[in-house]
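Here chain A shows up in two complexes: once beside chain B, once beside chain C.
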Partner chain A sequence: MVTETPVLELEELTVGIRSDRGVFSAVEGLSLSINKGEVLGLVGESGCGKSLTALAIMGLLAAPAVRVTGGHIRFAGQDLLTLSDDQRRRLRGDRIGMIFQEPMTSLNPVYTVGAQLVEALRTHRPVSRSQAWREAVAMLDKVGIPAAASRALNYPHELSGGMRQRVMIAMALMCGPELLIADEPTTALDVSTEAQLLDLLLALRRDLGMAILMITHDLGVVAEMADKVAVMYAGRLVESAPVGELFKVPAHPYTRALLGSMPRLDVETDRLVAIEGTVSPPHARPSGCSFRDRCPKAQPRCAGHVPVLEHLAAGHEVRCFFPSVEHAAQASP
Partner chain B sequence: MTAVLDFLSLFRQRWFAAIGLVVIIVIVIAALLAPIIAPYDPLEINALNRLIPPNAEYWFGTDHAGRDLFSRVIYGARMALLTGIGVVVIALVFGVILGTLSAYYPTLGLILMRVVDVLMGIPALLLALAFVVVLGKGLLNSMIAVGAIYVTTTARITYGLTRKIVAETYIEAVTSLGAGDLRILWRHVLPNLVSPLMVQATFIFAFAQLSTASLDFLGLGLPPDVPSWGNMVAETRRYITRAPWLLMFPGGAIILTVFSLNLVGDVLRDRLDPRFKDDLAKW
Partner chain C sequence: MSGLLEMRELRTWFPQRSPILRRTIGHVRAVDQVDLSLAAGRTLGLVGESGCGKSTLGRTAARLIESTEGTIILDGKDVTHVSGSDLMAFRRRVQMVFQDPYASLNPRIRVGDAVGEALAIHGLGDSRLDRRERTRAILHKVGLGDDAMDRYPHEFSGGQRQRIGIARALILNPEILIADEPVSALDVSVQAQVINLMRDLQAEFGLTYLFIAHDLSVVRHISDEVAIMYLGRIVETGPKASVFRNPRHPYTNGLLRSVPVPDPEKRRTGPVPLAGGVPDPSSPPAGCAFHPRCPYASELCRAERPKLEEVESRHHAACHFAKDLDLESPRAT
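Presenting the complex of A and B:
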């Protein structure tokens, strides 16, 4: 299933924010790659730069205050940062699709969902309105909306949150993208709807062979969906590994802490372990390793300079001077 | 049809506003059917019939040139509606263009909105006068002059509304689908502006009556031979003590029209502006 042609490759991507406190990097030297048909889970707390990464790939950063200040974004081998605005616009929704966190507000209230799907297709493809409508209904059917033909005539407010998110997925898939960016697509939904939608995304991935960049703060979602996981902290990649490896041998203290703060069914615990403190804002990050002010293992050395990504095992990299090597179950973060 | 019924149901339990709606409908009918309704030619001068008080033959009396005032007031409704529509169209078209572009392109908006600020600092009538001085008198020019006043307020309102709409996730979503700027503004922003601007349009229509009447009164609006309510009021100045009906009827028509439009505008706002949804005025 997984072949070795990267659909998306980020190389040392840096996103700068200009504010009245000066210029700082919200994403710093981020390198990732996603192969065809692969699901990459990008995990991190709020404000770690994961959504900015998604917007940078889409070319939707709020310029001029927020922009890519360094690195490369390669999509199917082509550096997106060298393309014109119009060329990037033509990629959006056609070869790269995106779904958002809020299904309740992501659809225009004044059009039927069918009309919005038709528009998504006709933005990029010279098809007739009636042909587009047929494809829209077929796509609604594919994303599991019952009675798709009549549902297409509904306005967004007539649909539930889960239904709307299905419509959003259908909209993003109208042109058959090679890459789908899902920015916390299930955060606003209840648990059973979430499970259905994740199943749907996996099924669509199988059928359409597209790659998915799954942005989430929920390791449960990652465990269910992803082939590979990249953990971000304060704008930097701190650990990346195949999903099984990451859950078995989490090497970075932050990853271990994230796993420790997650409820588990197989281990009896009275309470979950919270990570002390909060993510420092981009303009006030500690020197050296940005996690050191919250890290139980921090040493004077951590303040000196930023650790580089160390290669631990096949596909497993970690940005820490003192990576753990023992299994998660025995470790107490 | 359901839309009409839906609209009419708004006036249930609001008899005051319902009366306003009826008055407006009557005025529109009067304007459309003026040649049928008016008993006399509104322009026909008859020196023998000067300044006759209202009676069975001349319902509203006659003016200083012996013209039937009732017929003139009926024809005046045509001018009132025509200028009202003209002003609303001018104000909305230019106001919406300025407002949406300013909101969508922040740098452009910074400049345009400061220009709007300056224009709003000029007293409304003075601004209209300046336009008339430059453009000259006439129907179209008075529409433009009065329209210019409301372009600024419309641009302001549209700017605020568009800023809010552009920040919505569905705009981000259509951007992520590869929609271009024009498509977003035309297909996604504009339809969401329609309801709030409809409310604005009723109020502009109402206030345009006052502004155009003021221009006419000052002799800078429509040519004096055109039977507009403002012109009629202006002509009565010299006869006001001898023939008060000359002021009463056209002046009353202006007041009635503006008042009714405001009442209907209030109902529309209650219906269309979510901020007022909870405290619907019911009187």
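Presenting the complex of A and C:
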């Protein structure tokens, strides 16, 4: 099912933020690739640059203060950064879809959900209103909205949180995108609704061969969904691996710390291993490895320069001078 | 065994009024006949999907919302309707921590003043200086330095603000903390810091917690006892290990099986454990309120509401078939 044609390739992507303190890189030299039908989990705490990466791919950065300052974003072989604004607008919502954590930010409160789905389709496809309406209802049905034909006439506020999230997914899927970017799509939801939505996304991936970039801070969601995982810290990729490998032998101290800080349902833990402090902002990052101020294994060497991404095993790379090689203990890092 | 704080047949119903004549046309039964007991020095975790009434129950128990019926007993004394100085005395013993401390902190009041305010209100402390000293001490206890006193809420990160929220609840030296989703807005790493802090404080001051959350992994980690709520009622309750390892209510089982587990080898397979959503609490289904979503529902369930009955030592479930059902095992071990 998973074939080796990259749908999306980021090469040394750098996103700069201009502020009164100067220009800082919020995403730095990020390289990733997602194949057709593949789910890539992009993980990290708030402030790691995950959402900026998504917005950079979508071409929705808040220019001129925030913009891509280096690297390439290739979608189906084409470098998006060489396209005009108009060409990128035509890709958005058509071949690349995006869903957000808070559906009300992307749904218009004064239009019915059906009308918004119709607009999403007619922006990109020359179909009649009545045809578009039929497709909108079919899509609402597909994403699991009961009584789709009458629901299409509802306004967003008349729907529950889980239903709105489904509507947003339906809107992102109207044109059958090759890539779906999902930014924390289930964070605000109950576990029951979350499970329903994750199943829906996996079914769509299976049926449509759609690739998914799943941005989340929940390693549980990653373990359920992803084929491979990329862990970001302070704007840089610190570890990437196939999902099984990442959970079995997490090599970067940050990945281990994230796993250790999660309370788990399947394993009894006595005390959580908190990562002290918070991600330092782009203008105040430590020299060398940016995780060193919170890292239990930090050595003088870590302050000297940024470690390079090193190959550990097939598809497994880590950016650390002292990567762990032993298996993750059941509960401790 | 009688608890430090007991709720007996507690009901909190909100009237629904017709739009024009303001006549009462029905009630939202947010909390309906709940019996709960908080044992001194222990943690009771209260879980359920959004809309199940868990926050209303917490606020009713904290005397922030008047109950419609039933009794709240603190240390053997009926406090359901106490007012004036008796209510002040109750507040000194029972305090609340909220999900979003930013929403509960006045942005224009310095943290030291916000935390110390309660001392003045309750006439505690010999002088302004003494109150400042006590405030400083409690801020230290929650891991904030002297400089926090004179800063404003916006200068703190989410995790630090939750520490401030906890400090403000602890300043009166209460015995009971009712914490409503205290960590659900935080990143996993910071969540771990706050959970560890709450456990340390509990050990140091012998605090009793009512911990309200929708995240079952967090609840499992922090609780001694758990109660599962559905549509205003407790459907299962008991010692943590017993409920999580051997849930007897299909709702509890469905919730547990929905939680994403950070281990790709334990991926959930098969249909979603809990389909559909929580029904409208103003017109709950007849019989067992869970029957429309329950895969095991029978005629009996549609006709008659099951009572909470003991299924194992101190473990109660409100299901007609609690003792007979062979539930697919949850992923908790």
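By our rule, the second predicted complex is superposed on the first by the 325 of 333 C-alpha atoms of A that agree within 3 Å, B and C clash if a C-alpha of one lies under 4 Å from a C-alpha of the other, contacts with A are read in each partner's own complex, and residues count from 1 in each chain.
Definition applied: contacts are C-beta pairs under 8 Å (C-beta built on N, C-alpha and C of every residue); 3 or more make two chains touch, one makes a residue touch a chain.
Here the structure is a predicted model, which means the values were calculated and not measured.
Participant: Look at where chain B and chain C land on chain A after superposing the complexes, then choose clash or fit.
Facilitator: Pair status: fit.
Participant: Of the partners chain B and chain C, which touch A:192 in the superposed model: first, second, both, neither?
Facilitator: After superposition on chain A, A:192 lies in contact with chain C alone.
Participant: In the superposed arrangement, which partner chain does A:244 touch: chain B (first), chain C (second), both, or neither?
Facilitator: Touch partner of A:244: chain C, not chain B.
Participant: Check the residue A:105 against both partner chains and state whether it touches chain B (first), chain C (second), both, or neither.
Facilitator: first
Participant: Is A:278 in contact with chain B, with chain C, with both, or with neither (first, second, both, neither)?
Facilitator: second
Participant: Of chain B and chain C, which one touches more of chain A's residues?
Facilitator: C
Participant: Hey, in the superposed model, what angle do you get at chain A between chain B and chain C, Cα centres, nearest 10 degrees?
Facilitator: Once the two structures are overlaid, it is 80 degrees.
Participant: Looking at A:223 after the superposition, I want to know if it touches chain B, chain C, both of them or none. Which is it: first, second, both, neither?
Facilitator: second
Participant: Once the shared chain is lined up, is A:184 touching chain B (first), chain C (second), both, or neither of them?
Facilitator: After superposition on chain A, A:184 lies in contact with neither partner.
Participant: Is A:171 in contact with chain B, with chain C, with both, or with neither (first, second, both, neither)?
Facilitator: A:171: touches chain B, not chain C.
Participant: Between chain B and chain C, once the two complexes are placed on the common chain, what is the minimum CA to CA distance in Å?
Facilitator: 8
Participant: If we count contacts the way the header does, which residues on chain C are in touch with chain A in the complex?
Facilitator: Going by the criterion above, the answer is residues 49-50, 157, 159, 187-193, 195-196, 199, 214-218, 220-222, 244, 254-256, 258-268, 272-275, 277, 330-333.
Participant: Mind pulling up the chain A residues that touch chain B in the complex?
Facilitator: Its residues touching chain B are 58, 60, 89-94, 97-98, 100, 102, 105-111, 119-120, 123-124, 168, 171-172.
Participant: Taking the touch rule as given, give the residues of chain B at its contact with chain A in the complex, in rising order.
Facilitator: Result: residues 168-170, 172-180, 183, 187-188, 191-192 of chain B touch chain A.
Participant: So in the complex, which bits of chain A are touching chain C?
Facilitator: 45-46, 160-162, 190-196, 198-199, 217-224, 243-244, 247, 257-267, 269, 271-276, 278
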